[in-house]
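Two complexes come next, and they have one chain in common, chain A, joined by chain B in the first and chain C in the second.
Now for the complex of A and B:
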C-alpha cells in the first residue's frame, strides 16, 4: 500500500513535470519562430544602432581609433546650428506634404478605380508602375524631364505659360516642391492599392441605407467611406511618414543633392553629408540619434492613440 | 405635382449632369494614366531616339529616327554584367528575406504574448534610424568579416533593410488565414512547424511570392548601400552603373537613358505580371 502510494505520487510529479516542461516549451515556441528575425535584425540593426548612439557622445577625427568622449557636445552643437533648424523645417514640410499628398491621391484614385468602367484592370495595373520603378532610373528620367531647356515638362510649361520655363531644380522656391511631387508620384500606388482593398470590404448596404436616409454622395463619403478606411489611413500615415522623415535619400541626392541653397537638404541628406562628405561620424551619429528619437516618439504616440481609440470604440 | 414637361426637363438636366460627371471621371483617369506612365515612356523615347534630336525643340511625342543602337551598346557593354550582379543581389536578398521573415511573421501573426508584441514593435523600430548612420557601423562589420566590396556583403546589407517590411507584409498575409486550418492539422498530430510548412505556406503561396517580389524590387533598386559597400567595377550593380554616367560635366544622357531603361524594364515587367497576387495579398492583409 505504502509503496504503491509512493509510486503513484511519483508518477503524478513526473506527469506534472512533463506538463510543466510542455508548458514552458509552448511558452517558448513563439521565440523559437522569432529567433532568425531577432538574430538578423539584432546583428544588422540593433548593434549598429547601439554603436551609432555610443558614437554620438564622441568626437571623432579621420585618424582611425581617434575618439574622444565629449558628452553632449555633439548634440549641443547640432541644436545650436542654423543648418539643423533649416533641415528640420525642410524635413517637416517634405514629410507632411508627402503623407497628405500620397494619401489624398491614393484615396481619390482608389475611389475612381472602385467604379466600373471598361479597361479598369489594365488602368489599375498601369497606375502601379511608378511604384515598381527603381530609384536611380526614376531620379534620372525626372531630372531629364525637368531639364530647364530641353526637358519635356519645361517645354510644356513654356508653351502653356507666357514666361520662360522655371528652373525647377535650381530655384530654391521650386526645388522642394519638385522633389515632393516626385516622391508622391512614387508612393501613391501603395496608398491606392490599400484603399482599394479597404473600399471593397465596405458592405454596399451601408451606402444604400445612407441614400434612403437622404444623404448625398459627399456625406456618404464623409460618414461611411472615411471611417471605414481609417485603419488603413493610420497604417499609411505611419509608414509613409517614417519613410519620408528618416529614410528618403536617393531621389533627393540624385536630383538636387540637398541644394539649391539647402532648400531640399532634409535631415537624411544632412546626416549623410556630415558622415561621408565632412566625415564627422560623431556628429552624424548624434544627428541620426535625434532623428531616431523624433521618429520613435511620433510612431509610438500614433500607435498608442489609435489603439486607445480603437479600444474605446469596441 | 409637377407637370410632365417639367419632369422631362429635370430628366434631361439629370442626364446632362451625369454625362458631365462621367466625362470628368474619364478625364481624370486619362490624365492620371499619362502622369503615371510618362516617365517610363520617356525613358524609352530617349533611349531609342536618334542622338541628333536630343537637343532639338520642340520635342516630338514619338521618337524621331528611332534606333536601337543605344540599347545595343548597353547590352554589348557593361550592361549584362551589371544586370547579372543586380539579379544575384535581388534574388539572394528576396530568398533570405522570405526564409527568415516567414518564421518571424508567423509568430507575430499567431501568438499574442507580451514578448511577441514587443518584437512586433522592435521590427517597426528598425525604421526609425536613418540608414546613413547605420552604414558606418555596418560597413565596419562587413570589413571584419571580409565581406566588404562583395555581392554577399551587399545582400546582407540589403537584407537588414528589406526584412522588416517583408516581415510586416507576411504577417498581414498570415493574419488573413483562419487559425482553424492549422489547429485541425495540429489535432491530427502535426506540430506547429509542420503545420506552417504543410498547411499555411501552400495556402498563402501567392502572398508569399508577392512579399518576395517586394524584397526583390527594393534590393534591385537600392543605391546608398551599393555605393558604400561596393567599389570594384566587377561588382557594380545597375544603380551604381547608371549613376556613374553622372560626370562632372553633366550626365551623359544617351547612356543614362538606355541603361536606365534596361534596368527599369525587368522589375516593371515582373511586377506587372504578378501584381494580381500582390494586390490580392495586400488586400487580404487589410481585411483583418
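Now for the complex of A and C:
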C-alpha cells in the first residue's frame, strides 16, 4: 500500500514537473522566435545608436586621431544655433501638415472608395500608384513638372494664357508647401488602404440603427465612422509623424537639397549637411541623438495617451 | 537526394581546394591584383579606360576595376570610406578635397613612386601645372593633377550673331548680349549659371569665376574679404543677370550644361571641357562654339582641378600609385588633352601644334591658365566647407529674398569672421 502510495505520489510529482516544464517552454517559445529579430535589431540599430551617442560628446571629422572630448559642447552649440531653430520649425511644420494632409485625404478617398460605383477597382489601383512609386523617380518627375522654365505645369499655364507658373521649388515662400504637397501625394495611399480596411469592418447595422434614430450622414460619420477607425488614425499618426519627422530625407534632398535659403532644411537634412558637407560628425551625431530623443518622446506620449483613453472607454 | 556519406567527402575536397587556392594567391607576390577605382570620369569618355587597358597590358597581374559612379555624392561617399578605413585603391579629389584629405592624413604620399619614374619634386615644380602645388604638403606629394580647367567665357557664336552683337569685352556688354539672346518662348537663354538650386560646391564653382574675375575673393591671405568692393561688384553682376531673367530659373547646373550642348545657352563661365561634351553629344554645334578670357575687370580667373590620389588605407597602394604615375607618360598627356579638351598636368608636352591649330579658341584657355587661381577659397582648410555653405546661403538670399549685393556680402563677411574666430583669426 505504502509503496503503491509512494509510486502514485512520484507519478504525480513527475506529471507536475512535466506540466511545469511544458509551461516554461510555452512561456519561452515566443522569446525564442523573437530572439533572432532582437539580435538583428540590436546589432543593426542599438550599436550604431550607441556609437552615435558616444560621438556626440566629441569634436571629430572621423579621421584617425582627430577626436577631442568636448562634453556637452555639441548640444550647447546646437541649442544656441539659429540653424537648429529654423530646422526644428521647418520639421514641425512639415510633420504636422503631412500627417494632417495624408490622413484627411486618405480618409476622404477611403470613404469614396468604400461606396459602390463602376470602375471602382481601376480607380482604387490608380490611387495606389503614388505609394508604389520609388522615391527617386518621384522626385525627378515632380522637379520636372514644377520647373518654372521647362516644366509641364508652366507649359500648361502658358498655353491657357498665363505668364508662366510660380517658382514652386525656387521661391522660399513656396518651396516648403510644394515639398509638403508632394510628400502628402506619396503617403495618402497608405492612409487610404488602412482606412478602407477599417471601414469595411464597421457593421452596417450601426449605420442602419443611426438612420432609424434620425442621424444624418454627417452625424453618422462623426459618431460611428470616426470612433470605429480611431485605432487606425493613431497608428497612422504615429507612423507618418515618425517618417516625416525623422526619416524624410531622399525626397527633400532631391527636390530642394534643403533650400532655397534653408526653407526646406529639416533636421535630417541639417544632420546630413553637418556630417557630410562640413565634416562635423560630432555635431551631426548630437543632432541625430536629439532627433531620436524627440521622436521617441513623441511616440511614447502618443501611445500612452491612446492607451489611457482606450482604458477609460472600456 | 545527396547521401551524407557522399556529401561529406565532397565538401572536404572543396574546402581543401579552396584553401590551396587561397594559400597560393596570398603567398604569391605577383598574384592577381584588382584595383578598385570608382569615379564619375569613367562615364565621360574613353581616356581612362584606354589608360587602364594599357596599364593592364604591361602589368598583366593588375586589373583596374572601373566603377562608374554619379558625381553628385562622390566626394561625400568617398570621405566616409576613407575615414572608415575601407577606401578604394584610387580616389579623385578636387581642389577642396585634396587640401582637406591630405591635411587629415587620409592620403598616401606618392613621392617614392614619382621619384622612381623620374619625377623629383624639383622637376614636378618646374614642369607640371602650378596647381599641382595644392597636392604638395611639406614636400609630400599627395596627388597628381589629372586635368585642369581654367574658367573662360564660352559662347555660342550663332546666338551672338543672331543678336547682331560683337563678342562682349566688359560686364555691361556681356549683360546686354545675354539679354539680346534670351527668348524664353524658344527655350533660349543668355547665361547659364547657378541660380540657387545646386549643391554648395556646384554653386561656388559656377560663381567663383565671376568673383575672382572681378578681382574679389571670399578670403585673402587667410582673412575674410567678402565685403571687398570688388566682391560686391561681382555679386551685383550676378544679381543683375538673375533679375534680368537671362538665366533659366529652376534649372540646375547639369541641366544648364545640357542646354549649352543643345545650343540653347549663349554664355557660360566654364572650363574648356564643355567642348569635349559638345564634340561627343552634339558635334554639329562645335563650329558655333568659341571661348575668350573672362571679360571682367580683374583679369583673373579660377581653375577647377582634378587629382588622382591613393588612400592611406588602400589595399593595393603600390599598384595604384604606379598606375597614377603612368598617366604622366607623354602619349597619355597628349591623349588627355585631345579627349577631354582640358589642360593636362604636363602642359609643355600635351599642347601640340596640331591641337592648337584645330582649336584657335584654346589660346584663351592658355591665357586664362596663366592667371588662374585654384577654385577653393583661401580659408583655413578646417573651415572651407563651412565657408562654402555660408556663401551658398547668402547668395541664395540675395537672388531669392531680395537682399542687396552689399547686404549679402556683409552677411558673408560676418559669417566668415565668426567661423575663424575660434581659430584665432
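Simple rule for what comes next: the second predicted complex is superposed on the first by the 274 of 314 C-alpha atoms of A that agree within 3 Å, B and C clash if a C-alpha of one lies under 4 Å from a C-alpha of the other, contacts with A are read in each partner's own complex, and residues count from 1 in each chain.
Just so we're on the same page, a contact is a pair of C-beta atoms (placed from the backbone, for glycine too) under 8 Å apart; a residue touches a chain by one contact, two chains touch by 3 or more.
All values derive from a computational prediction rather than experimental measurement.
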| item | value |
| --- | --- |
| First (chain B), second (chain C), both or neither touched by A:244 | neither |
| A:277 touches, of chain B and chain C: first, second, both or neither? | second |
| Touched chain A residues, chain B compared with chain C | B |
| Touched partner set for A:66, first chain B, second chain C, both or neither | second |
| First (chain B), second (chain C), both or neither touched by A:150 | both |
| Touched partner set for A:49, first chain B, second chain C, both or neither | first |
| Chain B versus chain C as contact partner of A:197, first or second or both or neither | first |
| First, second, both or neither for A:167, with chain B first and chain C second | second |
| Touched partner set for A:259, first chain B, second chain C, both or neither | second |
| Overlap of chain C and chain B interfaces on chain A (superposed complexes) | 149-150, 276 |
| Touching residues (chain side chain B, partner chain A) in the complex | 25-26, 28-29, 32-33, 35-40, 42-43, 46, 54-55, 57-59, 99-101, 103-104, 106-108, 110-111, 113, 115-116, 119, 121-138, 140-141, 156-157, 159-160, 163-164, 167, 192, 217, 220-224, 228, 238-239, 242-243, 246, 251, 253, 256-257, 260-261, 263-264, 267-268, 270-272, 275, 278-279, 282-283, 285-287 |
| Partner chain B, residues of chain A touching it in the complex | 27, 29-31, 33-38, 40-41, 43-49, 51-52, 55, 109, 112, 115, 117, 123-138, 140-145, 149-150, 152, 155, 159, 185, 193-194, 196-198, 200-201, 231-232, 242-243, 246-247, 249-250, 253-254, 267-268, 271-272, 275-276, 281, 284-285, 287-289, 291-292, 295-296, 299, 303 |
| Residue ranges of chain C touching chain A (in the complex, touch as defined) | 76, 79-80, 82-84, 100, 104-106, 184, 187, 195-200, 248-251, 255, 385-386, 388-389, 392-393, 396-397, 400-401 |
| Partner chain C, residues of chain A touching it in the complex | 61-66, 146-151, 167, 169-172, 256-257, 259-262, 273, 276-279 |
